[in-house]
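First chain A sits with chain B, and in the next complex the same chain sits with chain C.
The block that comes next holds the complex of A and B.
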């Protein structure tokens, strides 16, 4: 798996110390992070993402999920801006990784099968011995019969493939099932094409720069959930709704999101990037006037 | 009213137009907003008995704003009354915030229901949940097992 890192390229960095870049796989434009060291690096940058995969030993639940990690488009953009991410190269043409793995697995299986058949034969002999000596005690003719039975067993015993116990190794590194893009990650659409998209990115960058952690706020009808620290340690304080300064918002929607925020003890934040690259925030709170 | 006294009786004068608040003098074209402002004015003065309630015209937004104090010695607030079906931009909210006072947005529904929302500049941390806190421990697990 170490040979994979030779395919990563650090995007034109001027610094001497180059922290290893995070390998991002694209699955139909969804940025995924597969490897453990990459996930750790992403979290160290203060980006949370969302785990998508199921854990091999506990598949039928949604409480604890496994790799890959899906990055928000804003998180991917931030990694690209900091030149900390690189697209993993296309491995379809060099399939040596897959073939070698398969061969290794088949060899291991064969070895395990041979071991298991020897052990199974011994088990059968022991069982036979116990059965014969238990049934009759002391008669010499029994020894003769036993010897003949054991001989027959040796000659005719076969261990069927279907009875073999197969061990699956779940601690393998280098998971990657999606075709990776060969080119570097392209820009996320022309700037200014969709004003909302850019507003979100500006707000994300500003809040991350202030030390907040952000995740997506689908459950609360906002754009981001803003945590004062790592989400594993804190509850979110704010629901961020990103609008541009001139965007007209229906008053009923403002009331709805403000009321929701007060019900879940979070402040609703209206965020708009201003003209001078600063972002202005307005906090909405329940007035307490019935 | 059925004309029993012979002559046509004149309808009583509209008391809203004659109210000393005199919002109509501010010359705002959006009559729905002026009406909303009037309802909020009445709520603050007669129902909640706030002090020093006055009207101000905002020329950039072309709306009537109210300024009031909740009681003597309390800080002045700016109130922005708006009909609930209208839309608002973040820019206009910032304009009102730029006046320097804390802002109350009041949405006036068609049935005259009033909803007040506080708006502040910056990031205001919400109040933390109130204790005492009880450690749930295994209670949730036990509940789930009983349900099965």
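The block that comes next holds the complex of A and C.
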């Protein structure tokens, strides 16, 4: 069971064996995480991502979404740098429709059907008991009738195939059938790959290194929203806007972003990665005229 | 959701994926059910529906809207709208009502026979008494049936190209002429139909025609010499031999053809003159002096807004029509009505649309507001541009 406390760095990277990697699959060139253990691992690394899919229990609402988890390109880059992510094999490469998979699927269905018929029979018996004991009648005759009815139910009950509940799996269930999933996935990326030189990526890595949680801030007019802890527990404190040191910024843009920040009660951080892998931060806060 | 094609109910990939996520649909590929992950990877791509577009689609569907794909060809040009030209409805819209549970395969006559018997719910009327004598006739009758089905599914080539085969071949279908006065044209009774055409164990015997003939007035009509001559000429000219008439599929189309011809003959076509906005100049009248200069103008599409000329027409494209559900507005698949808005999907990494792109989208959309849905890694924000008139001073 992995530790779920957030913000804790994974210390296992120094050991001889590599920790199991997070499986990332591409959909329309966007990195998505599907499996539950991968989502937990990503959160344990301190990366938030964004959930995209419908929540299986309550699919027709937009408040809380479910899997898959979409990773920011900076998050994917960070995972790659830490050699913690691996690309999952595409289904086409596997033997789809192979006899083995079909057989496993049929076995799975049969097992589920048997389980459900047992549960259905128990349900029926309980309903019968409730109905019989609810009705007022003499004690002995009621028991006798009850026992007879229960016996009849045991013998004649059939659970129709059409009434069976079918489970639609979110992640590709076939992985549990494939032997390679049992072994840990080899992380992708050549050893010693050079880190991305993006301004955004450097700012992201630096702020993450300091323990902040970052999500995307497009609707706030910035690059990242910076949280002091897990986003589920805190509001964002900063809006990070990445500018390079030698780029000249129009004063009206600074004014606009400062106004925006003050309206939403967040501090604007102008972040500029410096030459020696250090990032320079400037905060903007609206103060009244003195 | 969904549409009919080739007699089967089909779903678009984004609709199928949405229903899978809601737990209402299971999709099988080679006998194995697809998981949601497989659905995402197989159904979403840059060619069909991208992940961002699907996010917007799912978001709107979960809110309760009806979201359909946008088809630019179904919108009339602004000039046509100005003239209030009647909008030509897509042929596919009329085919939606025909739902067949089995799609007949044009393989061989025996299987076609089977299909015809077992299909229950047809709304094509069979020729009234199916009392054709031989199975060859049935084959001819059924070939019309098959051609009609194929013609339905093949929307692009109209029936004009298949006019010969989509009409009944009367030479091979024998309709008993009960009113014929000449004795040798009909037997005294009609043979029973082919038992393979009849449902179940129904048995039909010979039909005695004599009582029917008694009910028909078989007296000869007395015509004068003039009338007889007119009758002879009338029989020679057959309106059905005209190609345009053969292309009409029903009475309404024939009436439209007659109206068109009348309009052309008289120089005042109905679709231009029966509306609120009429042409300035009536070609049957002499040109008025004041209109002389105007009449020599030619109408051109506004070049600035002509969508074909814009190089970046690919970047900004309307993806979806959004309709309010049936509880709020009348929505029917065959007659959706006006959409509530149209969606254009982009992300915050894309450039902000410039005035040209906005005008292009508004031009494509007509009078429906275009909403730009900006997808930000999971969050969606909706922006729209509204036309605004500066208030003008009115001098007293």
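Keep this in mind: the second predicted complex is superposed on the first by the 168 of 290 C-alpha atoms of A that agree within 3 Å, B and C clash if a C-alpha of one lies under 4 Å from a C-alpha of the other, contacts with A are read in each partner's own complex, and residues count from 1 in each chain.
The definition used in the following text is that a residue touches a chain if its C-beta (ideal position, glycine included) is under 8 Å from a C-beta of that chain, and two chains touch if they have at least 3 such contacts.
Small disclaimer: the values here were computed from a predicted structure and weren't measured.
A.B. asks: In the superposed arrangement, which partner chain does A:101 touch: chain B (first), chain C (second), both, or neither?
C.D. replies: Touch status of A:101: second partner only.
A.B. asks: After lining up the shared chain so the two structures overlap, which partner does A:258 touch, if you call chain B first and chain C second: first, second, both or neither?
C.D. replies: It touches chain B, and chain C stays clear.
A.B. asks: If we overlay the two complexes on their shared chain A, which of chain B and chain C does A:285 touch? Say first, second, both or neither.
C.D. replies: first
A.B. asks: Return first, second, both or neither, reflecting whether A:266 touches chain B, chain C, both chains, or no partner chain.
C.D. replies: first
A.B. asks: Between chain B and chain C, point out the one touching more chain A residues.
C.D. replies: C
A.B. asks: Looking at the overlay, what does A:247 touch: chain B (first), chain C (second), both, or neither?
C.D. replies: The answer is first: A:247 touches chain B but not chain C.
A.B. asks: Check the residue A:116 against both partner chains and state whether it touches chain B (first), chain C (second), both, or neither.
C.D. replies: A:116 contacts neither chain B nor chain C.
A.B. asks: Give one of first, second, both or neither to describe whether A:72 is in contact with chain B, with chain C, with both, or with none.
C.D. replies: So A:72 only meets chain C here.
A.B. asks: Touching chain B and also chain C: which chain A residues?
C.D. replies: none
A.B. asks: Provide the residue numbers of chain A that touch chain B in the complex, in ascending order.
C.D. replies: Residues 228, 237-238, 243-252, 254-255, 258, 261, 265-267, 269-270, 272, 280-287, 289 of chain A touch chain B in their complex.
A.B. asks: Looking at the complex, which residues from chain C come into contact with chain A?
C.D. replies: Spelled out, the residues of chain C in touch with chain A are 18, 20-23, 26, 29-33, 35-38, 40-41, 44-46, 50-51, 55, 58-59, 62-64, 347-348, 374, 376-379, 381.
A.B. asks: Residues of chain A touching chain C in their complex?
C.D. replies: 25, 27-30, 32, 34, 50-54, 56, 59-62, 65, 67-68, 70, 72, 90-91, 96-97, 101-102, 105, 166, 168-174, 215-216, 218-219
A.B. asks: Using the touch definition up top, name the residues of chain B that touch chain A in the complex.
C.D. replies: 48, 82-91, 93-94, 97, 104-105, 107, 115-129
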